[in-house]
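Going by the order they are written in, the chains are A, B, C and D; count residues from 1 in each one.
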Amino acid sequence: MPQHNGGDSKVMSAGEAVGRFIHDGDMVALGGFTVTRNPMTLAREIARRGIQDLHLVAHSQGQALDLLVGAGCVRRIEIAYGGNGRFAPTCICFRRAVQEGRLEVEDYSNFQMSLRFLAGALNLPFMPCRSGFASDLLVHMGFGPELRGQGKIPPHKMVVADDPFSRQPEKVLLLPALTPDVALVHAQYASADGTVRIKGLTFLDLEQARAASRVIVSCEEIVPESFLRQDPDQNSLPPFLVDAVVHAPFGAHPTACHYFYDYDPRHLNMYRQEAGGDDSFRGYLDKWVTACPSQEDYLAQVGAADLMRIRANSQAGYAPGLDRR
Amino acid sequence: MTLAYTKNEMMALAAGRMANNGDILFAGTGLSMLAAAVAKRIHAPQSTVFFETGGIDPTLDELPMAVADPRVMSGTCLNSGLLEAFSILGHRRLRTISFLGAAQIDAFGNINSTCIGDYHRPRVRFPGSGGACDAMCLAHAVILFMQHDTRRFVEKLDYLTGPGWLDGGQARTEAGFRRGGPMAVVTNLGVMKFDEDSKRMYLAELYPGVEAQQVAESTGFEMDLTRAQKASPPTEEELATLRQKVDPQRLILGPPPA
Amino acid sequence: MPQHNGGDSKVMSAGEAVGRFIHDGDMVALGGFTVTRNPMTLAREIARRGIQDLHLVAHSQGQALDLLVGAGCVRRIEIAYGGNGRFAPTCICFRRAVQEGRLEVEDYSNFQMSLRFLAGALNLPFMPCRSGFASDLLVHMGFGPELRGQGKIPPHKMVVADDPFSRQPEKVLLLPALTPDVALVHAQYASADGTVRIKGLTFLDLEQARAASRVIVSCEEIVPESFLRQDPDQNSLPPFLVDAVVHAPFGAHPTACHYFYDYDPRHLNMYRQEAGGDDSFRGYLDKWVTACPSQEDYLAQVGAADLMRIRANSQAGYAPGLDRR
Amino acid sequence: MTLAYTKNEMMALAAGRMANNGDILFAGTGLSMLAAAVAKRIHAPQSTVFFETGGIDPTLDELPMAVADPRVMSGTCLNSGLLEAFSILGHRRLRTISFLGAAQIDAFGNINSTCIGDYHRPRVRFPGSGGACDAMCLAHAVILFMQHDTRRFVEKLDYLTGPGWLDGGQARTEAGFRRGGPMAVVTNLGVMKFDEDSKRMYLAELYPGVEAQQVAESTGFEMDLTRAQKASPPTEEELATLRQKVDPQRLILGPPPA
């Protein structure tokens, strides 16, 4: 049997992965969705290294987005939704930053952002869409005219065009493709060569990874390639699209990772409190980011009792009966 | 004997009752989730509850607290992704009913879930559209949840996130929408619907113990109160299902009746 | 636990499914790809009932397409590839029908057809594409001007447009969406309610089903819904998109069905011979279609020895060592 | 001592040698499959073989006879679908090399796999583009397989299925293509390449025992023969791998050397 993608191992520390593949000013796609599979270990590493001026792109993002905004790493966002379910109907640091004029935001809908990533993944310049007509998404630009067409900012937010295939005159919206510099993904399984398996909902993680120039994957378990190849129908990304594999158990904490652990309601409630003010949030960063240079340090800070409390039941995939108030 | 119940309980049930058996129910966070779950368990057992994240027909043994909660991935018929979910939302062969909350609404059911004040420097920033604009554009029909007060029921939205009946009458069709639009607004006071011709909001149902005048005073625009009927109070079965099966921890229901 | 999609069972015979859901003149999307997972039981049923004037749409199709063309059920085809691997580099009946002017064909590429089905699945009017410029795919129409814009035939085969998001003037091709009347899928597993699981490559079957107005699924096994819901990550279609579930063991024969059986080289070689002339092909239809009103009759005609010969090995998913000459 | 080998063996090896280690190899049916498989097993072990059907990096314990053969789904790193495969084919970060066959080719490497004669009533109908047009448009580079004769190497194609260098020179870039184009044509006589400036086909390698004159006589257009070098014959290792590992049943290799 021939060697598979033989190649060198892509396993590296979060520090090495972030240091090598993320730079000031990059456009970064955040995987996950609100309270699930946020790439938190990677986000904390970005915050710790003080990376600046990031341009975040996501559909609906909660915890990773809010931490990066709160830590001052982010200059611009293109997004459909910044919230964390019942734990933060609007993301806390995000809200404050927007209200204080410290963040440039361009709003789309979830379907629109999904189509924009899909266009990037398929190497297409744009996608048509019938969602968004007569809304202010079409009217209000988040980025000024001086930025239009610069770097990765498209010359138009969206364009109204004629549908050439309709029998009656009909309009269609065209949405520009997204091709992020980097996509961050947290997965349940990866092998050293970069093969990735996500369990549960994949959201838009796969399209984001396929649209990006570089991909960093953190994972709960590093498993042998042979294990993943026993049932390739279940795999999510091929190795040649992945640049770094970071072993990060509980790497989505305090958000959930299906079949491994639930979201951590205590931490998320505590976060809501701490994120409410600049001073208290600095305290949060000191304790949970600065003082925890490694994932091991972070998990020690969380503590065994809380990790056990949120551990997933193998049948349900979450922690049944968890106190989620 | 009258049963005690809360406004949230009444709202979830009033909305859930509008689902037809067999509908494909698209649920957002919060009360939307309760309404879809209670519909599935009582009024419309052959309906399918699905989420924009791609979870389709979960068992809902426990109530999800977000549309990406692992509880929307458990026991489903299919775990997919956003693209599949939105392709279902707008599918011509499906009667998809969307349950949504919003921050502001106007007389024609257009909604705002983006911001209050100037878009670039808002007084209050909300999470943004999420799937709200998509549901208002693509679903077969939308049922909205609102707290009823004059700051939320406004003459003019600060930002139009999701198009309802636009300026009313034929405006929505003329703007190119092929279907959809809001069918009802469920608040803590009653249920509003939209006039078939003018598409203007009117009071359709008042909850027991609420006076039409309260609705008028809580609404920032002119509302037709003349067609209001009394809403049926929750039945014992409805309350039992809601409290014991759907949200026993009262995570979204909130405090029990006094 | 609430009832799931409670509903009535969608299980019915191939005859009932085809009789209820496929009509003369329908646009039918064929699932599978050349030698794998062709919906052969359903195709034979269509041929047996003498359904006429079908408009087939597919990317790369082999056996089902050729049988339907040979049986005279097809008037038009939109396709990228009509072949069966090494068994028929060009489909036999298809080639003859085109050369004799008995079939209207509109040619696209596989990526183009894929994007057209994707557009239909996403309820979008068209898709942009950068593949096809400067080719005769853009120049030669298969359907005449009198058909353009009639029924499901788009007013243009494709349209060249400006990319409004490019900094330099750049062109893009726009491809019209496909929304077939019916999609035919052969799957390994389905439950009575219509939940579907395909193992191995899915090709474009899922997009075709999501784009269609009606969906007929034939399957190797009908399994309880509870079995499929144990691992919903592996499922392929939700029940509310499926109209009929037809139990058809070896329902893709003589093409392959991963993990169940390989393609049948003897049958495919025999087919190549028989399909070579109108008379011999009539003999093939008499023996394998007309004389076999049920799938049981058909399998009896194939014979136990050939069925055993192509049975898949559980690890490989095909029949290792099968004589494929 | 000289090893005996067939033309098909020489063709598969000549093409396979052009793959760089680490390339992403997109394989069609027939000789393409042999070339990609042999490259992976000898010249470029860290390459990935994938198929337009969505099978990525199968073990190839047995040779597939079509791109949808279950043998392309076995032991892969990922089983996906056509959309994923074509997104890989054109991905800006990947060096994807496509191996393709065709029915006709012209002096600038444009190919026909659709028909001979009038499109609407062809004298001979072929299967059609499949992924050929896409590979010619989107791949980093394409290696073509042809039988060398004047009916196939023609001045003018009956139908242009896949764009090569178009009219030569800058024509391809001017037509808007961002990358790609044919890098070589491997036939039963030798290997043709394309002039860097004019993009016109020239004879680059002659197989042992073949005279340049044979190429000229088998080509329906003017071909530059002056740059032809001798191709290295197959090595013992190459032949052993091809015969014992890649295609032991000789399904595509055909009859062994006399």
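Everything below uses one rule, namely that a contact is a pair of C-beta atoms (placed from the backbone, for glycine too) under 8 Å apart; a residue touches a chain by one contact, two chains touch by 3 or more.
Everything numeric in this text was worked out from a predicted model, so none of it was measured.
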{"item": "Centroid-based (C-alpha) most distant chain relative to chain B", "value": "D"}
{"item": "Comparison of A-D and A-B (more C-beta pairs in contact)", "value": "A-B"}
{"item": "Mean-CA-position distance for chain B and chain A (Å)", "value": "28"}
{"item": "Distance between chain centroids, defined by C-alpha means - chain B, chain C (Å)", "value": "40"}
{"item": "Separation of mean Cα positions, chain D and chain B [Å, integer]", "value": "57"}
{"item": "Interface hub residues of chain C, defined as touching at least two other chains", "value": "115, 122-123, 130, 170, 200, 233"}
{"item": "Contacts with two or more other chains, residues of chain B listed in rising order", "value": "61, 73, 79, 83, 86, 90, 138"}
{"item": "Arrangement of touching chains [line / ring / star / complete / other]", "value": "other"}
{"item": "Touching pairs - complete list by chain label", "value": "A-B, A-C, A-D, B-C, C-D"}
{"item": "Touching residues (chain side chain A, partner chain B) in the complex", "value": "32-37, 59-60, 62, 79-87, 89-91, 94-95, 98-99, 101, 107-112, 114-115, 118, 130-137, 139-140, 142, 170-171, 200-207, 256, 258, 262-263, 312, 316-318, 320, 323-325"}
{"item": "Residues on chain A engaged by chain C in the complex (per definition of touch)", "value": "115, 119, 122-130, 149, 154-156, 159, 161, 163-167, 170, 172, 174, 176-177, 199-200, 233-234"}
{"item": "Contacting residues of chain D [partner chain A, same complex]", "value": "22, 24, 40-41, 45-46, 48, 50, 56-57, 59-61, 73, 75-79, 83-84, 86-88, 90-94, 138"}
{"item": "Complex contact set, residues of chain B against chain A", "value": "29-30, 52-55, 61-62, 64-74, 79-83, 86, 89-90, 114-115, 119-134, 136-138, 159-163, 166, 172, 175-178, 249, 251-252"}
{"item": "Touching residues (chain side chain C, partner chain B) in the complex", "value": "1-7, 121-123, 179, 193, 195, 210, 213-214, 225, 228-229, 232-233, 235-241"}
